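Next up is a structure, given as structure tokens.
Labels for the chains are A, B, C, D, E, F and G, by order of writing; each one numbers its residues from 1.
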Amino acid sequence: MIYYATSILLILIGMYAVLVKKNLIKIVIGLSIVDNGIHLLLIAIGYVKDGTAPIFSKPGLQASQMVDPVPQALVLTAIVIGLAVTAVALSLIIRLYDHHKTLNINKIRKLKW
Amino acid sequence: MNWLTIVVVILSIVLIIAAVFAVYQKDLLLAVIGTSAVSVVLSVLFYILQAPDVALTEAAIGVALTTIIFVITIKKTKRFEE
Amino acid sequence: MSRFIFSFVIFFLIWLGFTSTFHYQEVITGALLSLVLASLSYKSFTERGLFYLSPKRLFYILKYLAVFLIALVKANFDVAKRVINPKLPINPGIVTYHTTLKSDTAKMFLANSITLTPGTLTVDIIDDKLYIHWIDVKSEDPEVIYSEIGKDFEVILKEIFK
Amino acid sequence: MSPVHFIAIPLFAAFLIPLAGKVSKELVKIIPGLVLLYLSFVSVTLFPIGTHHPVVEIIAGFKPPFGITLYYGAIAAFLTTLITLIGFVIWLYSYKFIIREPIEKYYMLFMMLITGSTGIVLTGDIFNLFVFFEITSIAAYSLTAFLRDRDGAEAAFKYLLIGSFASTFFLLAIAIIYANVHTLNLADIAVKIQDVPVTTRLFVLILFLIGLGIESEMFPLNGWAPDAYSQAPSPVGAVFGGIVVKAAVYSLMRIIFLMFNSHDVLHFLLVMGIITMLIAEMSAMKQQQIKRMLAFSSIGQMGLVIIAFGIGTEPSVRAAMFQMFNHALIKSLLFFSAGYLVFHSGSKKISALDGLGHDKPITSFFFAFGALAIIGLPPFSGFWSKLYILLSIADAGLMVPVVLILISSIIEAVYYLRVVSRLYFYKEEATDVRRTPVSGLIAMGILTVVILLVGFYPNLILNWMTPAAADLLNKASYIKFGLF
Amino acid sequence: MRKVIAILLLFIIGYYSLDVLLKIPFGESAGGVGKHYLESTIKETGAVNSVTAIVVSYRGFDTLGEVTVLFLAATGLGAILYDKKAKKRALQNASVIVKTSSKIIYPLIALLGAYVFVHGHLTPGGGFQGGAIIATGVLLMFISYRSFETNHKALSIIESLAGMTFVTIGFAGLIYGTSFLQNILPFGIPGELFSAGIIPLIYIAVGFKVGAELTALLDNLLKTIK
Amino acid sequence: MIYIYVILIVLAIIFAALRGLLGPTASDRVVALDNLTTISTAGLVLLGFVFQRFIYIDVSLIYGVLSFVGVLTIARYLEGGL
Amino acid sequence: MILNIVGNILVTVGTVFLFLGALGIFRMPDVYSRLQAGTKATTLGALSTVIGVGFLQPEWIWKTLLIAIFIAISNPISSHALARGSYKTGLKPYMKKEGLDSYAEVEKEEVK
């Protein structure tokens, strides 16, 4: 339960940053926090009480006492995608800063909404 | 109440505080340090949730690479929020 | 050549530590990887190579480790003493420490050791001067500084890197 | 030959291009063309097979709910053909149009965008859909900012922001679905989602509508589109209008028809489509820049498509597919010609186009042709699709949408004809001596010929649309084939 | 005003998502696909690590997509930050300690990265993590030495070749087996290094690719016009 | 026995996090982050022992290495290098 | 058995020092003193915890030793870099007595 609450809180905090903050880098930070929240949620969904990691590295491990590996695989992919999006966003920010000399969203004409 | 549960609760609180700190801080470098701390704690949580693969990835990408590219961007732009 | 072999040996040992097994497949892979890595990076990895592995130096390295560990433990009790004491008995300042070591690697080890020993922290290192933050400055006299902070290490390091 | 080619070959090309760039610059430009030609060939040969009987390609040799599958049914066959053909034409146009460095990177991004969109169309797995969505989106962000000017970077950032918000919702939806049904295969989800509580399903539906609605330019979520279309290089505008949006709309419809096939959802879609269309057409009226106008027109057309899907009967879906086909061709033509018109006039403003009809007759002719086609005048293909949509709506007994569509068509006619009249009936002395390159003209020529051909023989395409519509509507067959 | 609207909106989202999430039982043993994967990982893929088996084998297509996404990010970043003028890292010298130590530590980090991606099917980690670790090692050199240069040509060749290898392995499955990315090699004894068929091969390709890509990405980001 | 370890480590995390929260300067917070990662590295090893899985040790190894690079980057930024 | 006892002692010592280190960075007055407390205590703490675990689980010892070695090398480096960085951002160390700052002159020369 605590995991669900934490992840939802993380998602909400991140979204708040994206919606309210005026600074471009702050917005990207918000996005990465949202991502983190969703990753935590997915892993929590796959958790099994008193389970162990889904790696058969020593004898005597039963499949029934392992946590669900699928969400973990999904999160691996999602983390990498998040990194890619962050990198592109930050490069765009560098470009924008070159042109406008500011990171404030209100001073950049079209980004207002 | 399991001792692990208590650890998790405390870590979650630290996590949330770090996230709020990252969002509210005017100094962008500190905000990035906040996100880095979020990743650090999150990685420990993944570990406790029996997902070492994910914990490892989060350590490699969240703690190191994301922080690094954020810091480089701040270096190339501006450190303080107006 | 000796540098190459030295780095190969070190990498291979570390690989064995990573895998913690002597299974033939792991050993083969490790040897191959260490070979490739060593050939790529032996020039930057070490300056002297096998030179470090002579028995005399090995003895000094062990001695160094012992001195270092004792200093580390002392340092910790020192920190503990200061932290727990409610009055925080400190008198910090930055002092200059002159070293006679020549090699960069030796300087690095000296600086690291100083950082981990009681009450001192290397702030910067310029040529042969180390700037050290000392939590409890006893004296500003270079002689005292030398003997208080890094004499023990420097003597041994000199032997190792001679 | 298997449908995997559509995804793997362009990807291979994208990896190959940097190596080719070491050999010669010209090779970089040629490889994508060859690849797209090959893919068009594959798509045409596979087309009858897929239309006749869905091909389910398994990846890595695991049976459907466990491995990822590619579902190559009638609709996927149609869309992959569309994407590869339009992609080829766009390549032909880009050949001389993209002169700005780094050309190599442009083609790499373009190839990966093709990969992403064919992947969206083909995949039968929801997380795989997400991955391909991200591929398409990131390629689109980078291409939007390709010119590296002030406005381009702004538009791209805006697009990226909205897009990442969308992908967040999409991922959340996947997480909730997985938590409830413990499977990721679309067909399997369609079976198992029936047992999920209603509130959960509703929540997931909303998340999907937000997540996919952004790329398919649905009403409150299309703020990125005008900027992105107008700031990106012209061929990229055609890519957005002709490829990305089509794939996104398809995946949205696929998910809705598979998982939430109830009338309330469809009615909601209908309403959203109408709002999207009306607002977009009105905004298009006001635009001063030609590409922004085209962007809004594109949103309006997608609104029309969503309305037709929202009716949810077989004729309407068929008409919607037909409209998608026409729109892809015509909007590409418009973007191509507008690209050179802007290039010749040196300004993005509509008012700068005065008299170009005399100076650059061929390019202007293509623009006028496209404008007439998209309005829906009789001999062109646009006419038929609009007619069928109207007929199918009337069949369903809804008169209000018919009237609204007609009104919006009039608005559309007004603003397109305004541009065309500026081209031809205003006189200003010519200053520009540059020519439109032949490869660009050929690209536009191909599109014109196809549009005319379809205009005269609409059944040529329409016959193929019938199995496609059946494919989208028939959930049982999707489940049967998707799960073996 | 904007804040109030945002907070209200977030409350609604939060309320509903919590409502939905509370219906999901927490900590119950894996059902559906997950259970099947756990039970048949070793039998069907020969890998010991289920997560790796899923990432590379069962859902190998996702991984291909993931590799593409990273490649895309590196390419897009290169396109966005492209400049005709030559670029250099604007860097002040680091202290001797940092310089010397990064020289020593950097091959070790590379070795660690290699260890992680070679053992992807046995231990946590794999190609992505290994590649990321290697890139971090190179970054250590980037930030300590102004003059440390990677060979761009070599990097892009590694990137391309590794990507093409992945696709080729996929096609090999199509040609010699029945489907794209299908395993065509023997599984070996589970738990040994040389086992699990194509998984280690794919992870090695991915590791090289990701390492090269991330290095190029960081290099691009660090450089400015001087 | 394990209770004592856990309590001590959790307390350590709390103190480090508090220092990160209170500041006052950026350097202080980075110091806090650095310590947080070191404490977590040790904590992860201990947790791996509790869970009795050898493979978990990899995670803490990589965690330590990468957080070192992350902190070093931030330090280089503070120095004005980078 | 002996290994077990030694391991437990080491882990106990380690966690205690980890705690003291954290307390140190919490209580000390300025960055440099915090670094002093933080580095030394957490390094020994982590070292001894990690090696202690190695004693508790003898087959893990090689890897835990590696972690320990790495921590011992990397921690002082990062704290040195942080100290240098802090000084360059203009943070003067807290001093009870003025004039104990010999690094200030170097700074001044470099600025010129």
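Worth a mention:
Convention: a residue touches a chain if its C-beta (ideal position, glycine included) is under 8 Å from a C-beta of that chain, and two chains touch if they have at least 3 such contacts.
Quick caveat: nothing in here was measured; it's all calculated off a predicted structure.
Hopping across touching chains, the smallest step count from subunit D to subunit F is 2. With chains reduced to the mean position of their C-alpha atoms, the one farthest from subunit A is C.
The pair with more inter-chain C-beta contacts, choosing from D-E and A-F, is D-E.
Chain centres here are Cα averages; for subunit E and subunit G they lie 32 Å apart. Each chain gets one centre point, the mean of its Cα atoms, and the points for subunit E and subunit F are 23 Å apart. Separating the centre of subunit B from that of subunit D, both taken as means of CA atoms, is a distance of 38 Å.
For this pair, subunit C with subunit D, the centres built from the Cα atoms lie 62 Å apart.
Counting partner chains per residue, subunit F shows two or more touched chains at residues 13-14, 26, 30, 51, 53-56, 58-59, 61-62, 65-66, 69, 72-74, 76-77, 79-80, 82. In subunit C, 14, 18, 20, 111-112, 122, 124 are the positions where the chain touches two or more neighbouring chains simultaneously. Multi-chain contact residues of subunit G, defined as those touching 2 or more other chains: 21, 23, 35, 43, 45, 59-60, 63, 66, 70, 73-75, 77, 79-81, 84.
On the side of subunit E, the complex with subunit F involves touching residues 90-94, 98, 109, 112, 116, 122-125, 129, 133, 136-137, 139-140, 143, 222.
Subunit E contributes residues 2-3, 6-7, 9-10, 13-14, 17-18, 21-22, 24, 26-30, 33-35, 37-39, 41-42, 48-51, 53-55, 59, 62-63, 65-66, 69-70, 72-74, 76-77, 80-81, 122-124, 128, 190-191, 217, 220-221 to its touches with subunit A in the complex. Subunit C meets subunit E in the complex at residues 7, 11, 14-15, 18-19, 23, 25-26, 29, 33-34, 37-38, 40-41, 44-46, 104-105, 107-108, 111-112, 122, 124-125. Note for the complex: subunit F touches subunit G at residues 1, 4-5, 8-9, 11-16, 18-19, 25-28, 30-32, 34-35, 38-39, 41-42, 45-46, 48-49, 54, 57-58, 60-61, 64-65, 68, 71-72, 74-80.
For subunit C in complex with subunit G, the touching residues are 14, 16-18, 20, 72-73, 75-76, 78-80, 82-84, 88, 90-96, 111-112, 115-116, 118-124, 126, 131, 133, 135, 137, 140.
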